[in-house]
Amino acid sequence: MTCILETRSLNKEFGAVIAAKDLNVQIHKGEVVGVIGSNGAGKTTFINMVTGYLKPTRGEILFNGKSIMGHSPRAITRAGMARSFQVAQLFPEMTVLDNLIVALAAAESARPSFLSPLRSDARIARAEEVLKEFGVANYRDSMVTAVPQGARKLVDIAMALIGNPQMLLLDEPTSGVSMDEKTGLMDTVMNAVRQHGVTVLFVEHDMDVVERYVSRVLAFYSGEIIADGKPAAVLADQQVRDLVTGHRPTIKQGNGAS
Amino acid sequence: MRLDKTEISLGLIALGCVLFGFVSPGWLIFLLTIALAKALVVQGVVMQMRSGLVSFGQGLFYCIGGYTVGMGGQFFGIHDAVAALSLGMFVAIIIAMLLGLLLTRYREIFFAMLSLAFSMILFGILVKSQELGSTDGFNVHDWTLFGWAPEAGAGSQYTVFTMTVVSGLIVAVLIHRYTKAGIGVICEAVRENEVRVEYLGLSPRWLLYGNYVAAAAVSALGGGLTALATGHVDPEMAYWTTSGEFVFIALLGGLGHVAAPFIAAIVFSFVRTYAIEFVPHTWQMILGFTLLAVIIFLPKGLWSLVSREKTGERA
Amino acid sequence: MKNNKSKFSKHLVSGVAALALAAGAAGSASAAENGKFRVGIVTFLSGPAAGPFGVPSANAAKVLVEELNKGNLPAPYDKIGINGAEIEAVIIDEAGGATKQVEEYRNLVQRQKVDAVIGYVSSGDCLAIAPVAEELKTFTIAYDCGTPRLFADNPDAQYMFRTGLDASVDNIGAVRYLAATRPDVTRLAGIQQNYSWGQDSWADFTAAASALLPEAEIVEEQFPKIYQGQYGAEISALSVKRPEIVHSSFWGGDMEALVLQANARGLLEDATGLLTCGEASFATYKDQAPNGMIIGARGPFGQFAPDNELNTWFKGVYQNAYDIEPVYPATKMAQAILGLKYAAENAGVADKEIPSAEQLSAAMKGATFESVSGTVEMARGNGHQAMQGITYGEYHYEDGVASIKNAVSFDGECVTPPEGVAAADWIADGFPGAKCN
Amino acid sequence: MTSLLAVLIDGSIYASWLFLVAAGLTVIYGVMRILNMAHGSFYAIGAYSAASLVGWYFNNGIGPAWVSYLMLVGAALVAGLIVGVIIERGLLRLMYGRDEILMVIITYALLLILEDGMKIVWGVSPYFAYQPYSELGRTSLGLLKVSNYDVALVGVSALLGLGLWAWLERTNQGKVLRAVIHDREIAVAMGVNVKLMFTITFVLGTTLGALAGALTAPAISVVPGIGIEVIVLAFAVVVIGGLGSIGGAAVGALLVGLSRAAAVHYAPEFELFVIYGVMSLVLAFRPEGLFGRTLARKI
C-alpha cells in the first residue's frame, strides 16, 4: 500500500497550549480512517494543519511523498486533498445547484473565465448528476439557507467531492444532524466516496458511526495520538475507554465495517 | 455571439436614448451624459460590491480617466477621443495593477479606508501640481473623433452623449456577461464565503485583484467621458466626497441588475438638480433623507421596485 | 432567472420611457418668457466659503435686485429693474465642484432660460464655466474669482466678463503698499492655503517683492491644507524665523482662525500681518486682531470703497436690511449687477426690451461704467476684464470701534500688467509702463 | 534645537487634539462596530453649541471668565447627550445587525442631514468664542511662544484618555463593555443588556466628539464644514491605531501629530501626504492597525 498522507513529528502550540504533539501519521491509499477524541483533543487542529489553514509550529507534512508544509489551502486542494467542514461552508445566497457549479468550475480551472457563462449545459448536467448521487436533487433550485441541516452537510461534502480529489477530509460529517438521519447520510457519503475511489479521513464523535464505516481509527487525547489501529482494537483499548469514549456498555452493531 | 434578452433590451434602450437626444433640450442631454458617465464609475463600485468590497476611493480612477484624457490633449497631442479614452483606461489598469497588490489584502472597513487614502493621495499630488492647474484644474477641448472634429456647442455635446450611450451599452453588455461568467459568479462567492472559495482551490485574492483592475478600467472610462462632456477636469474628482457620491448611487440602484446603476445615476441627478433649485440651502439634507429612505425601505435599491414581483430572482 | 425575461425587458423599457417623459415634462415646465429679466446668481450657500463670501454676496444681490425693481437707485441707475424690465433672480449654490457647476450652469441657461449669469467665487468654477458660456452664448459675469488664467486660457472669450480684479493685482498692490509704508523690511514670510489660490498668490507676492523690495528675503513659507483650522505647527515654524512681515492669502474661517491663533501666540505682535483678503472679516476681528495689521479687499471694495453717492446709498440699504456694513464680496456682487445693468441699458435696444447676449457683450466690451467702487474700466482681457486700483490699509480697533488707518491706494495702471502681458513676465521685467502716482 | 523643541510641543498639541477627536470614534466602533462618518458633525455641533453659548456669555459681559470654561464643557455634554440619544434611539436602533459597511453609509446619510441641519440652526456666519483661549495667556520658550490653552488641552486630553482607560479596565460597567467588545453573542447569553450598552456607548461617543469640538472652538472660527475636515483625519488616526482601541488611538494620534509637526518644520512639501503616508505604511505592515486584533474565523 502506498502512503498518500504522512506527517512527521507535527507540533502545534498556541502560546502555552499544546494542540498537537509529535504527530506521526501515515494514511494509505484507499483507507477510510476515523479520528476520535474528546473536544479539544486536537482533531480539528490536525485537519486544519494538514489542509493548510493552520501553520504547524514544527514538523513535516507529505502528500503523495511531497512536502506540503506552508502551502496554502488552495494549493493543497489543487494537489488533490479536499475537505468538508464541521459547519457546512456554503454560498448562502446561491442555490444548491449553483453551489455545486461554482465548485465544479473551480475544480476545472484556477482561472475563471471573464466572459463565457459559468452555468454551461455541461456543468449543469454534471452538477445534477452529483446532486442525484447525494440524494439532494429535490433541493436543486432552493437557496442553501432554506434546506435542512442534513442536506446542507451533504452539499458541503458534494462540493468537496465534485472536483475528484484523491483524498477527502471530513470534519464531523454528522455533527448537527439528528440521530436517525446519521446513518442515511453516512451511507450516501460512503457510497459516493467508494465510487470515486477516494481515501477518506474523518473526524467523528459517534462511535457507532466510526465502527460502521472505518477501517482504521486514530484516537486523540490532548494533542497526542494515544491509539492507532483497527476499530475494534482501538475502541477496546483501556486508555481510549478512559480518556476518549467513556465506558460504553457493549458493542452494538456487528464488528466495524468495510 | 448570441445576444440574450437583456442585451437586446439594453441595445434598444441605447438606440432610444440616441434618438431621444435629437429632440431633447441641451441641458437634459448634458444631465444624461454626466449621469451615464458617472454610472460607468458606479458600475466599477458595484462590481466590487458584488465581491463584498466597498470602495470609498473609486474617485481615484474617475480622476485618472479624466486627467489622462485632458493631459493627452493638452500635453501629448492625443486629440482623438477614442484614443484618449483608451489611454485613460490603460493608465487606470496599470495603476490598479500596482495598488491592487496591496489593497486585495484588505477587506471591509480596511479596504474602504485604504482605497480612500489612495484617492486622497492622488488629490494631494494634483493639488501640489501647479503645472496641472492645482485645484483649478484645466480645460479639455479640441478633441476629435476618428479625425472628425464635431462643431463646438450642441454638435460636440451630442457627440459626447452618443459616445457615452454607446460606451455605456458596450460596458453594460460586457458586465452583464461578466457577472454571469466564472469570475463574476465566483467573486460573489468570495463575498458570501471566502474560506470556501479558498478550499475549492481558488485564490480569493487574485479573483478580487482581477475584479479590482476590471472595475478600475470601467471607472476610468466614466471619468474620461465626464472630462469630454464638461470640458474640464480638477482634483475634486479624486476627493473622498466624490467617491462617497458613487457609493450613494450604487446603493440607490442596488446590485440587482446591470441597468440599475444607470437608472440610479439618472434619478440621482434629477433629485439633486431639483433639490438645488427648490431648496438651495438644504439640498444635501434632501440627499441624506433620500439615502436613508432607500436603505430603510428599499434595501436592495431602486431595482427592487422593478423586480419586486419576481420573487426569488437572482441577478 | 427563468421566465422573467420578457416581463423584465418590458419593465426596463417602460421605466426608461417614464423617466424620459418626466424629464421632458420638467423641461417644458419652466421656460419663462414673461418679459422679466432673469439673472442666474451663483455663489456659495453652503460650505466654508458661504459665510465669508457667499452669503454677503447673495444678500447684496437680493437687496439690490429688490431696490432696482423699485427704481430706488441714484442716477445713472435709476431706471426700474434692468432697462425697465423687472429682474427675477435665480440664486443657486456654488458648492459641489466644477463638474456640478457646469451642469447647473447649463440648467440655468437651457432650462431656467436666464438672460445672464453672475457668479463664481471659486477659480476652478470660473475656468470650467468660461468655455461653456461661449458654447451656450450666454452673457456671464464672473464677480469674484481671481485666477489670472480666466482670460489667458480663453483669449477669444466673447460672452465671459469679469468685473472683479485678478489675484496678481492683490499681491502686486500688497508689495507696493509695503514699499510705500515700510521700505526697510528685510524678513518676509508667508502662509498660504495649499491650493491654486494660495500658490498663485505667494508666487506673485514673492516675485513682486524681489523687484520692489530688493533688500528683503523670504525667511519662511508654509502651505497648510485648506480648511485645516489649526495652525499651531505652522505658527511655530514662522515664529522661529523672526519675520517682520507675515503675508497670507487666507480667507474666511481659516484666516480668522490664523489671526486668533497667531495673535494669541505673539506672532502678530512680533511681525506685521498682511492679509490680502483681510477686509472680509473686518467686522468679526474685534480685539482679536492686533492694531496695525495690514488688510486688503481685493480692490476698492468693502471698507476701501470710495464715498461716492452710489456707495453711500448701497451701504445704507445693505445696512438697513442686514444690520451690518457690506464687506468686499458684497460690494463686488453689487458691482457685477451694476455692470450688467449698464450693459443692458447701453445695448441700443428699446425700453423694456431684453437685449441679446451679443448686444450685452458688445455694450460691455471695453466699457467704462460707474459703480459702488468708483469708475470701472473694462480695460484688460480684450475689454472683458475690469481694471481698477487697489487700496491697502491697517486695521485698528479702539473703544469697540474698528477702523482703517494709513490707507494707501494705487491706480489700476500701477498694479495691472499691460494688455496681453502675463503678470509674472511684467513683474520679472520690473513693471515696464506702470503708472503710479 | 529650537525647531526640535517646537516639533515636540506642536506635535503633542496636535496629537492631543487628534486624540480628542478620535476617541469617540474608536469607542463607538469598538463596541458597536459602527464606523461613524457623522462623527465630524458631532464635533461641529459641539463647537457651535460652545461657541454660541460662550459668545453670548461674553457679549453680555456678565460674570467672570472662568465660568466660560465650564460652559464649554457643559455645552458639549448637553449637545452630545441630546443628539446622541435622538440618533441612537431614533435611527440606529432600527439598523443594528446590518452589514458594517452599510452602517458606514447610514452614518454618511446622517452626515449630509446634520450638516444642513446645523446650517438651519446656526446659519453660515462664523461664531467665535476666543475669550477662553486668549484669557489663559502664553508662555515664552525662547523664540517660541506657546498658548497656555493649547498646553492645557494636552493635559485634558491625557486625563480623558486615562479616564476612559480606567473606566473600561477598572469598573464593572467597563468589564461588561469589554465583554460586549470581545464577543457579543456570549455577552447576550450572559444576560448583558446589550441594547443599553449600545445607547451608553453611542452617547459617550457623540459626547466625546462634541467635547472635542467645544474645546477646539475657542481657537478657531466656527464655520460650516469644520466637521467634514475632521472626519478623514480621525479615521486615519483610528485606523492607524487599530479600530476600537483607545490606546491605539492615542499612539496613532501621537504618530500622526509628531510626523506632521516634523514635516511642517523640516519638509513642508510633504505635509499634505503625511497622514495618508503614515496610514498606508502602518497598514502595509500591520493590516489591522497597530493595536488591532486579528480575528481568525472558526471553521
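To keep things simple, chains are lettered A, B, C and D as they appear, and every chain counts its residues starting from 1.
Methods note: a contact is a pair of C-beta atoms (placed from the backbone, for glycine too) under 8 Å apart; a residue touches a chain by one contact, two chains touch by 3 or more.
Everything numeric here is computed off the predicted structure, so don't read it as measured data.
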Which chain pair is joined by more contacting C-beta pairs, B-C or A-B?
-> B-C
Which chain is most remote from chain D in terms of Cα centres?
-> A
When the C-alpha atoms of chain A and chain B are each averaged to a single point, how far apart are the two points in Å?
-> 44
At what distance in angstrom does the C-alpha mean of chain D lie from that of chain A?
-> 49
Whole-Å distance, chain B centre to chain C centre, using C-alpha means?
-> 34
Provide the C-alpha centroid distance between chain A and chain C, rounded to the nearest whole angstrom.
-> 74
Quick one: which residues in chain A touch 2 or more of the other chains?
-> 89
Spell out, as numbers or ranges, the residues of chain B touching 2 or more other chains.
-> 127-128, 195, 281, 283-284, 314
Indicate the residues of chain D shared as contacts by at least two other chains.
-> 115-116, 119, 228, 269, 272, 299
Hey, which residues of chain D end up touching chain B in the complex?
-> 35, 91, 94-95, 100-102, 104-106, 108-113, 115-117, 119-120, 228, 232, 235-236, 239, 243, 269, 272-273, 276-277, 279-280, 283-284, 287-288, 297, 299
Within their complex, chain D touches chain C through residues 2-3, 6-7, 9-11, 13-14, 17, 115-116, 119, 123-126, 128, 130, 133-134, 138, 140, 143-147, 149-150, 216, 219-226, 228-229, 260-261, 264-265, 268-269, 271-272
Okay, in this complex, where on chain A does chain B touch?
-> 51, 72-74, 77-78, 82-83, 89-95, 98, 101-103, 105-107, 109-110, 112-119, 159-160, 163
Chain B to chain A touching residues, read off their complex | 174, 177-178, 180-186, 188-189, 192-193, 195-203, 207, 210, 214, 314
Parts of chain B lying in touch with chain C, wherever the complex brings them together = 4-6, 8-10, 12-13, 16-17, 20, 24-28, 30-31, 34, 127-128, 130, 133-139, 141, 152-153, 157, 226, 230-232, 234, 236-237, 239, 242, 259, 263, 266-267, 269-270, 272-274, 276-277, 280-281, 283-284, 306-307, 309-310, 313-314
